[in-house]
Every structure is written in structure tokens, then in C-alpha cells.
Amino acid sequence: MELNFRSDNESPAAPAIMAALAEANQGTAWAYAEDPLSERLDRAFSDLFDTPTTVVPVTTGTVANSIALACVTPPWGSIFCHRNAHIVNDEGGAPEFFGHGLRLVPVDGPEGKFTADDLERDISANEGHGIHAYVPSAVSLTQSTESGTVYQPEEISSVCTIATERGMATHLDGARFGNAIAALACHPADVSWKAGIQMMSFGASKNGCLAAEAILFFNCPDLRETAERHRKRSGHLLSKMRYVAAQLLAYIEDDLWLKLAAHANQQAARFSEAVAQHPEASLEYPVHANEVFVKWTAGGFSRLEKVGIQFLAWPGRDDLARFVFSHCTTVEETETLCVRLAESG
Amino acid sequence: MELNFRSDNESPAAPAIMAALAEANQGTAWAYAEDPLSERLDRAFSDLFDTPTTVVPVTTGTVANSIALACVTPPWGSIFCHRNAHIVNDEGGAPEFFGHGLRLVPVDGPEGKFTADDLERDISANEGHGIHAYVPSAVSLTQSTESGTVYQPEEISSVCTIATERGMATHLDGARFGNAIAALACHPADVSWKAGIQMMSFGASKNGCLAAEAILFFNCPDLRETAERHRKRSGHLLSKMRYVAAQLLAYIEDDLWLKLAAHANQQAARFSEAVAQHPEASLEYPVHANEVFVKWTAGGFSRLEKVGIQFLAWPGRDDLARFVFSHCTTVEETETLCVRLAESG
Amino acid sequence: MELNFRSDNESPAAPAIMAALAEANQGTAWAYAEDPLSERLDRAFSDLFDTPTTVVPVTTGTVANSIALACVTPPWGSIFCHRNAHIVNDEGGAPEFFGHGLRLVPVDGPEGKFTADDLERDISANEGHGIHAYVPSAVSLTQSTESGTVYQPEEISSVCTIATERGMATHLDGARFGNAIAALACHPADVSWKAGIQMMSFGASKNGCLAAEAILFFNCPDLRETAERHRKRSGHLLSKMRYVAAQLLAYIEDDLWLKLAAHANQQAARFSEAVAQHPEASLEYPVHANEVFVKWTAGGFSRLEKVGIQFLAWPGRDDLARFVFSHCTTVEETETLCVRLAESG
Amino acid sequence: MELNFRSDNESPAAPAIMAALAEANQGTAWAYAEDPLSERLDRAFSDLFDTPTTVVPVTTGTVANSIALACVTPPWGSIFCHRNAHIVNDEGGAPEFFGHGLRLVPVDGPEGKFTADDLERDISANEGHGIHAYVPSAVSLTQSTESGTVYQPEEISSVCTIATERGMATHLDGARFGNAIAALACHPADVSWKAGIQMMSFGASKNGCLAAEAILFFNCPDLRETAERHRKRSGHLLSKMRYVAAQLLAYIEDDLWLKLAAHANQQAARFSEAVAQHPEASLEYPVHANEVFVKWTAGGFSRLEKVGIQFLAWPGRDDLARFVFSHCTTVEETETLCVRLAESG
């Protein structure tokens, strides 16, 4: 039997989420986010983040990122983000589409992160072209990162300070925000608005939902109208938004999101130990959350595949693979993986 | 207790659809439409339509229409559609967004329909500007129409003939296609590809699903790549597409979609009789499917609202309202409506 | 010998404009509008209009209109203009391109004009769709109109009042503004900012220049940055902007623009008398400026063509043609036209 | 007196070009490129390049590049070009605007050039993301380059071979194509279509014209319609296109373009000798055409400025400056520059 560690994207929905859908499925409800569940979102997220929060729910992380960024970036504006960021590599041009031709500027930095200094260096390198150049307009950080690492609050804060000084907006791609918070054991506010983040994509689909993400604006309710216009004209305003709201509400109720994420992180930690003890394989990056990047030989990966382990061979690298753990990965599955890794040595 | 006849958009999902979601929610499945359910769609719809059909599933009718039209219309192309069409009035500029500035040209015609002659007249009226004008590129029909009427096969065929002669693409907005087929009691092919339609938005959300629509391309598989690129870059490629596929497959299995639609149509027919017998109120349009447009006095509508009936006051008209019946409207609810209408006389 | 009354677009440049180009062609000058001529534009037009005016020069009326409108209209905004407006019929989708999918809403009205009542009626007709509809964002008037008529100051003022009350921006397409001012014999301010117009396209190419138009912003200097960004990213920031500035400065110096326009208007007036006296032909619209719309038989027009008269057969009408008079139309040419019209009776 | 070596963009038009404008300014001519001069362009350029060539004239290099690239790149397509390319750094997002969100991928390589190997490496590095990534769609080379160097025919050919094998289109930004041909002393075909280039921006504004560039399509006349639609909807179809055509025809007549470019190149060569002999200053790149990049101390550049020499301090570098020579740089001016450089040592 195959064991799938390809992506948390491939997990089913958690039982509590399915139950919430069933519960939402009673009788009629006004369409287009005018239903009672949708109307509870602002308060629920304001409570969660401990600050006035404007919520615009959608169904994918790609659209969440793209709308948020389009709200603060003119078509002649540029967005600085890590070279490995999802918005650069995996969104098929969505940020550029919603932003009508805006430009993403990749910033290099180790372990999927970049620093305030990296940001300053790259902004400066693009200066001096005046009207002929893009205007630096926003910074986007990913938490947890595409390398499975996690930014500390002060790391985010220092990047946001540079951005804010230059009049740039600040965005967090939180596709795996639950994993980051579970890892940091901090309050969600500490790595978002308190650290200078103005808006974020709050991911839920990877961590237990079917299809639910929330664009969050912290203390800037004026952006709601713009975000909702983008959502409508991109076909993302479902008639039956109640089902998205139901997922999001259940997801954050009683810390479900953190429990699911903590479980996933624990499986990743267990596997990272197995990798560390392996004679040949090694960890490419520190393992902070639910992703483990393993450096190994092509032959090694091939042997692992043959014994039924599915993972993601990293594009452009035959010596690197990603293993992702999710809310539904069982302890037994993780153990089996560890055993098979050792046996494939 | 309020009774909601505002829109079929406001209905819950049908039990069979919820069951299909639960069934799909087993174990992991490859993301981004590479799961087994998604891979069954082409065959299932090819069987349903009796011709090779390429399926690109999405979650809203707006994006289904917009992607389909963007596949065949350059930014300098125009699309002819009825003045009341959803794409003109209710999609917040989505066709123009996906089409990068294409133009919709509204065509007038009675009862929500336009004829081949209407189309020819309006295309001709826009000619003679050469490079300075939009290029007529597509025609979009709505079935059933925004006025609750239904095109006969030969009506569609004659419009498509004109379009095809001029090299224009042909599109059907089938947000309520089930209601149309249930009303016509014809084969779905008769008012789609056999009548000259090249592609359509096959709606399911209004008639029993949570959020599921299918873009269908008949005998033009080449458009799949373009449609999928549009879907990805607009953030509409869900990671967990299996849940959309599950809805669509359950929806067309064993004629569920037609059974649900037929029920809705019957309720509409019952109410239309009540309207016809009313001393003051009258039918604005023939009732073919599941929508009833009632012409009455503002006072009349107001009395009906006061006894707990919800309906849609038509924008810009105080003497017109729309009542929509869905798969979940009970016979009792319809009877109550009829009684209250009579009592409000 | 053929005589060309097809369009003022087809006239050569006036001698004073050619002289200004030659004079500008001395030595080097800083590129991208940082030359001394370009830097004189704001003051020159502020003097001409008697109010602080921000000038963004370009080479075509299409781009002037499109940039101005894009500065004040979001992609989900609509612009109300006359059904015959150049922006609707003759700009190949440029407003929609620069505005990223904005929509033009044609307003009907006699003689190429619409009134405040017409505007109110059509704005209202589009209301009630909320987030699903375009947001009325701007009004664009054409002066002189596409029918060769001219708005009186109070007509413009009443339309602008409605627009302003609704928070809509106001734009004037002044492709033939010189002809309008020459006809009205009023101050340019009277039918622009004093009547409520916030920005305009000040045309010069049709009336003596090679390729020069100015986007004018009255008392709203904040829009300069946005307009200049649009100009750059659409490829309209010439490196050698000095040649556009030179044309514009010469054009408004010593009332050259009004002298050229007055001459053209006089020729149109002369021909309109000839039409009025003709037994069969008649005037379709009042002749206020330099365009004469003649209603006649297809046979009549054909006879006129055969004797070497070029004019524009109106698209979609075989009984209508347009004759345009320009700064270079000689009195002799006009007389010849009148004679040939009479002879073709 | 100041001497301006900032850019060839800042030169006046050559006398022959001004004469051609005056000559074109006779009588009326049909608008929108239907005049006799515009109609001569295809033949003239087909003769010049010795192959069937489709010409779409415009007024700036930015729009020439942007339209050409938009003709062959979908919104989800990427264009590979040098990191220093004008399209990346100096066009304010125009390629992304015309291309509706396409992406430019910068390729590194020494002296402003990149090789076939560089291209292959970078294309491969972006592979493996499937539907989530941009599709490599075109390659754009600059001739002469932004570093003042020139590609040899075989260098272009090897890059084009890689592109063609992968189904990518090939584009040449020839803003300074005249300088390249004058330097190479080869036939224009040798570094364009014979080397695998499908389309190019043929620059004239920097080398003697006021505002004239030609988009050239070699052996692919089908792209004319698309290019002309782009030109119209971006406001670049002048009504009086005859003046652009007149410049282009005069520019290539009797090898004027090559004579002007050769003169500029000679001045650059003379100055490069002076730099080479300087005790402190040095050449950053080989000098092939009309641009000289000088590496020196900030103090040295400052002394040169104080004696009235204008040049471009390179953005982001205080030890680098660009000196550009044009058709109008006199031998005396070049000598003065050389003397002042020596004196500023």
C-alpha cells in the first residue's frame, strides 16, 4: 500500500470540518456572503487575533494572496518576496493577473527566509530608474516558509520595519500559518499585526478543510471594498459562501487548527530524527513545522519510492525531496516511513 | 416563518451531493485535479452529452462563463448576448477581467431571448469601423434565460448558424441548464452541440450542489490547455479538486440533476397558475422553467412581504418581482405561497 | 483632382507647427520630458485656462482619453458617455485596456449630446445589482460632439453636477475643442473646469499639429503621477518629448488654435448653407463646428463621389455622410464642393 | 558650455529626417496608415532585409518591444532576456501591460550578453512546476546590447536554435540596431532572420529620427493583424501615420541609418582610446558600438562633471558611468571630452 507524503494538500478534510458542512446545510440562506455564518467571520477572527480584523473568505491560497497583494499594489508596483515563494513559483501568474501586470521581485536568502538587510539590498539595487522602473510597493513573507522553516517574531518585525519606512505594504502568506503558530507556540498576533503585517492569507485547506482560506486585513477595514470587488470580478464570490464560512469557523473553534497542525508538526519532527540518524540522507533545512526536505542520492530516493513511499522530487534537483505531514498522517504511517527509510539505506 | 423564494442560489445542497462529498473524503488523493474522481469527468460528461466532451470543473458560474469566453475571444473581441444576461449584469466585470478588456454587446429581444435576426441586426450596426472597432468574436446564449424562459432547439440552432457563418464562437450559459432540459424533455445534446454550441457552462450550484460548475467543450479538446491556464492563474484550481468532481459526478448520476430540476419546475408551474388566477397580479413572461416573474403593484408586493414571503424585487422596477423555486422547495411551501398570494390580493 | 473632406485627421500640419518643430530641433535636450519646452507646458496651459493646470502630453487622442479615464476609474467602474462617443466606437478597446476591463455605458441623446436627465435615467437603470455590478465612476462628454454639435456651458454644467453629486469623475474629450471654442466664442474655462470638468483631452492633431494632444487636469495635480505611470507603461513617453511640447506650445501661442479652428468652422458653415438650399439633401444635425452631416440618397452621394469629392459614408447608414473641414481647407475648395453638390442634385 | 554625452536619446533629428517630414507635409493624406508613404514600408524593409518583411511602425521602442512580444506570448508565458535588458529595467512594466501579466525572466551573462548555455540553464531551472508555472514562450536579445557590446551572428544563431527547439519565439530589441550593423559591417539579415530572429524592434529614434521605430516580422505576415490590434488599442495608431513612415523611409534610404551610426561609433571608439590611456579610469566593457562604460572613482566623475561634461551615472553604482555618442556628436566635442578626461585625471 502506498503512503502519501507528497503534500498536505492531498489530505482529506477533518471530521469536524465535514460536520460543520453538514450543519450548515440546513434550509435556505441568503447568498453571496449575506448569510449568518459569513457574518460571524469578522468577530471570530478579531477575537482570534485580538485586534479588529476584516475577513474576506475565498477558496484557494492563490486567490487569497493575489487579491491581498492587488489591493495594495498598483500595476506599476513591485512586490518583494523570497525566491522560493509560492507567489513566484506556483501560482501560474495569478498575482500578475489580479495586479494587472505588477512585478514580483525574488529576494535570495538561506532556509527559505530573507532578512531586513536582504530586502534593503535588493530594493536599492532596483533604484535609480525613476519613471522607467517599477515602484517598490509591498513585501510578502511566507510563514511557515516554502522550506519548512519558521520566522521568529523579531525577524518578521525587522523586515516589516524596512517596508513600512519605505511606504510599502506588508503581507504574510499563511498557507501553513497553523503549523507556524503550533511550532512557535506564540499568539497569532505576535507574527502578524504586532510584527507589522497589515494583511495575510490565512490558510485552512492544507490543514483540515476542503477549500477555505481567509484574507485578513488588520486594522485597515477600508480595503474590504477593494478586496470584495476583486473577489467578485474574479468569480470567487460563491453564491453559497456559507459553506466556506462554516469551514473557517469550525477550523478556528476550540483551537482545532492548532491541534491539527501540532499533530502534523510532530510527525515531521519524528521523521526528521530518522533522517538525522540515517547514514546517507540528511536534512536540507532545519525542520520547524510540517515539511521535511531530505537531501539524498537519486538511488536512495528511488529505493524509497519502490517500497511505496510517495513524496515530492524537488523540481530541478535530483538530490532533494520534500516530505509533508498533515493532520491525517497517522503515527503508524510516520513510523512505517521511518522504518522504510532506514531499510532503504 | 419566512419562506424564501429569492433565488435557487440560496438552497442547501441535496442529500445525495452531501453523501458524495463524504464518500470522497476518504484518505489522501493527488491534488490539482489529478485524483481519480476528477479523471472520470471527461468520460461521464461525454456519455451524458453523447459526444467527446472536455470538462474543466470550477466552483462558480461566473468563472465558468468568463473562462469559456476568454478562451475564444481576443481582448479586442466582442461578445453578443442578451441585454439581461448574467454576464452583462451580474458578474462584476469578470468576463472583461478574464478577457483583458473584451466587450459585451447587449442584444435586445423579448422574454429574455434574442433571435438570429436580432443578432444579425446588431452585428451589422457595429460594422464599418475597421481597426477602430471590436471584432465580433462570440455569441453567448442563456438556457434557461434570465427571464425564466427556454430556447427551443431550433431557436438556438438558427442563432448559432449566424455566428458560425461569421466565424464567431458559440457559448451557452447553462447556470439553469437542468431546468431547461427538464422543461424541454429533450436530450441535452439537442440544445447544445447538436444545435451549434461549442462550449457551455454547465451549472450545478443552483440545483443541488454546494459549489460546482463545469466548463464543457464539445469536440474541441484543444481549448483545454487554455482553459486550465486561465483556471490556474485566476486561483480557481483548487488543491482538492476531488470535492468538485464528486459533486458533479453525483449530480449527473442516475439523472439526479433532471429530477431535482423537474421538481423545481413543477413548483414554478403551480405558482404560475396561482398568479394567472389572481385578479391583479400577472405573469411578466411565460413560465418555462423554475422562475416566475410577477407583475403587480408595489402595494401588492409589500403585503406579500409582510406575510413572510421573500422574493427578489427586480432592480429598477417597482412593479416586478422574481420568485424562484428550487430542488428544496416543498410542495407545502409552494401551496403556502399560493395561498398567501391569493390572500394578499 | 480629388478634394478630401473625409476628416480633419487627414490634413497636413500648419506652417507654424512645422516651424516650431524645426526650432525645437537645435542641439541636444534632456529626454523623457525633462527638456525646457516640456517644462513650460504647465504654465502655458494654466495661463490659457486661467487655473492651475497639470499637463501630460501624448501623441494621440485615444491615449489621452484612455489615460485620463483610467486615472479615475477602477477596473470595476463604469464610464457613462454618448452612444456615438469616440471612446465607444473608435478606440479599439483602448479605454478598456488602460482601465483593465472597465466598462463604457452608452447614453442615448439627440444630436450627439445627452442631458443631465438622460444621465440620471441611465445610471438609475443600472442600479440595484450591488457587488455584482459595475460602479458608476465617471462621465465623459465630447466637445465638439461626434455629430458636429457643441455643448453650451450650462449643458455641461448640469451634467457635471449630477456626476459630482454621485461621486463620479468628469472628463471632456476635446479632440475638436478648438472648433467648439471658436464656435462658442467663450473662454476655454467656461466649458471646462468652470462647468465642472476635472480633466480633459485637449486635441491638437486634427487642427494643425502632426501628433500632439494634451491631457489636462484642472486643480488636481495629484493625478499627474498616475497619468505619467500610465503613459510610461503604455509606451507613450517618447524619449524626445520636446517635439510634442513644441507643437503644443506653438498651437496655443497667439490663439493659433482658435484661428485655425475658426477657419475650419467657417468652411463648414458655408457648406451647410449649400446643403440647406439643396432640393434633396438636408442637414442631419445642426452645424455648430467643422463637421457637416448630410442626409441624402445613396445615388446622390454616388454622383458626388464621381466628381472627385471624398467624404465619409457613415457606417451602417447609406443615407448619411460626413464632410469635415479643416484648417487647410481653402475657400476655393469649399466653393468647389458647394458647386459640385448643386450640380449633383 | 555643457557637452551632453548622456544618451543618444537626447540628440536632435538629422537634417534629412526633418526634410522628409517637410516633404510629407503636403496636402491631405488618408489617415491611420492608409497613406502612400505608409504603404511603401513593407517593400522598403523587405528590400533592406532581403526577405518578406511585415512592418508595423510606432513611435517608441518600448511599444515596439511590447507589441512584438505580446504577439507571441500568452499571459501565462515567460520571456527570457538579459538581466540588463531595457524591457526589464526601463519600460515601466510595458511588456507586462501589453502581455496582460506575462513574466520576464532575467538571464545573467557577462558584457550584456548571454549564451545558448545560459539560456538552457535558466529555462531548466524553472521547469517542473507544470500548470503552476509560466510557460517559456519567447527569448529577447538586444543588439547592440545595454552594455554597448554587439552579438556576433553565430552567437545569436545559437541562442535562437535553443529557443526554436523549445517552441519559443525569438525577438531582437534593435533600439541601436544601426550601431550594431555599422560595427559588424554585415548585412542586416545576418543578425536577424538568417540567425533565427522572427521579429524585431528596428530603432530609429536614437539615431537621427524624432520618434520612429518599426516592428518587423520576418516571414510571418500572420502576426500583422495581432500587432495592429495591439497598436490601435494602446493608442499608438496615429491618425497621421504618414509622418512616422516618412521618417523611417528617409532613415533607411541610401544607407543614411548606417552612416549616422558609423559616425557615432567612431566617436565612441575615439573616446574609448582616451579611457584606455587614462591612468585611473578604465573600460567596464569592450566598446563595440556607440556606448562607452567607464569605471572610475566617484571623485574622478565629479571632476569631469564640473568641467561641463554630462554623462549618465549608472544606477546603483558610484564607480560606473555611461557615455553615449550619437549622429550629432561632433568630432570637436569628442576631442574636448577626451581632453577634459585627461585633464581630470
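Letters A, B, C and D mark the chains in the order given here, with residues in each chain numbered from 1 onward.
The rule we apply is simple: a contact is a pair of C-beta atoms (placed from the backbone, for glycine too) under 8 Å apart; a residue touches a chain by one contact, two chains touch by 3 or more.
Keep in mind that this is a model prediction, so the values were computed, not measured.
The chain with its Cα centroid farthest from the Cα centroid of chain D is B. The pair with more inter-chain C-beta contacts, choosing from A-C and A-D, is A-D. Mean C-alpha position of chain A lies 42 Å from that of chain D. Note: centroid distance chain C to chain D, computed from Cα atoms, is 34 Å. Between chain A and chain C the centroid-to-centroid distance comes to 51 Å (mean Cα coordinates, whole Å).
Annotation for chain B: residues touching 2 or more other chains are 32, 75-76, 91-93, 96-97, 100-101, 131-132, 229, 232-233, 237. Within the complex formed with chain A, the chain B residues making contact are 4, 6-7, 9-13, 18, 21-22, 25-32, 58-60, 62-64, 66, 91-94, 96-98, 205-206, 210-211, 229, 232-240, 243, 328. Within the complex formed with chain B, the chain C residues making contact are 75-76, 89-93, 96-97, 99-103, 124-129, 131-134, 315-316. In the complex of the two chains, the chain B residues touching chain D come out as 32, 74-76, 100-101, 131-132, 135, 226, 228-229, 232-233, 237.
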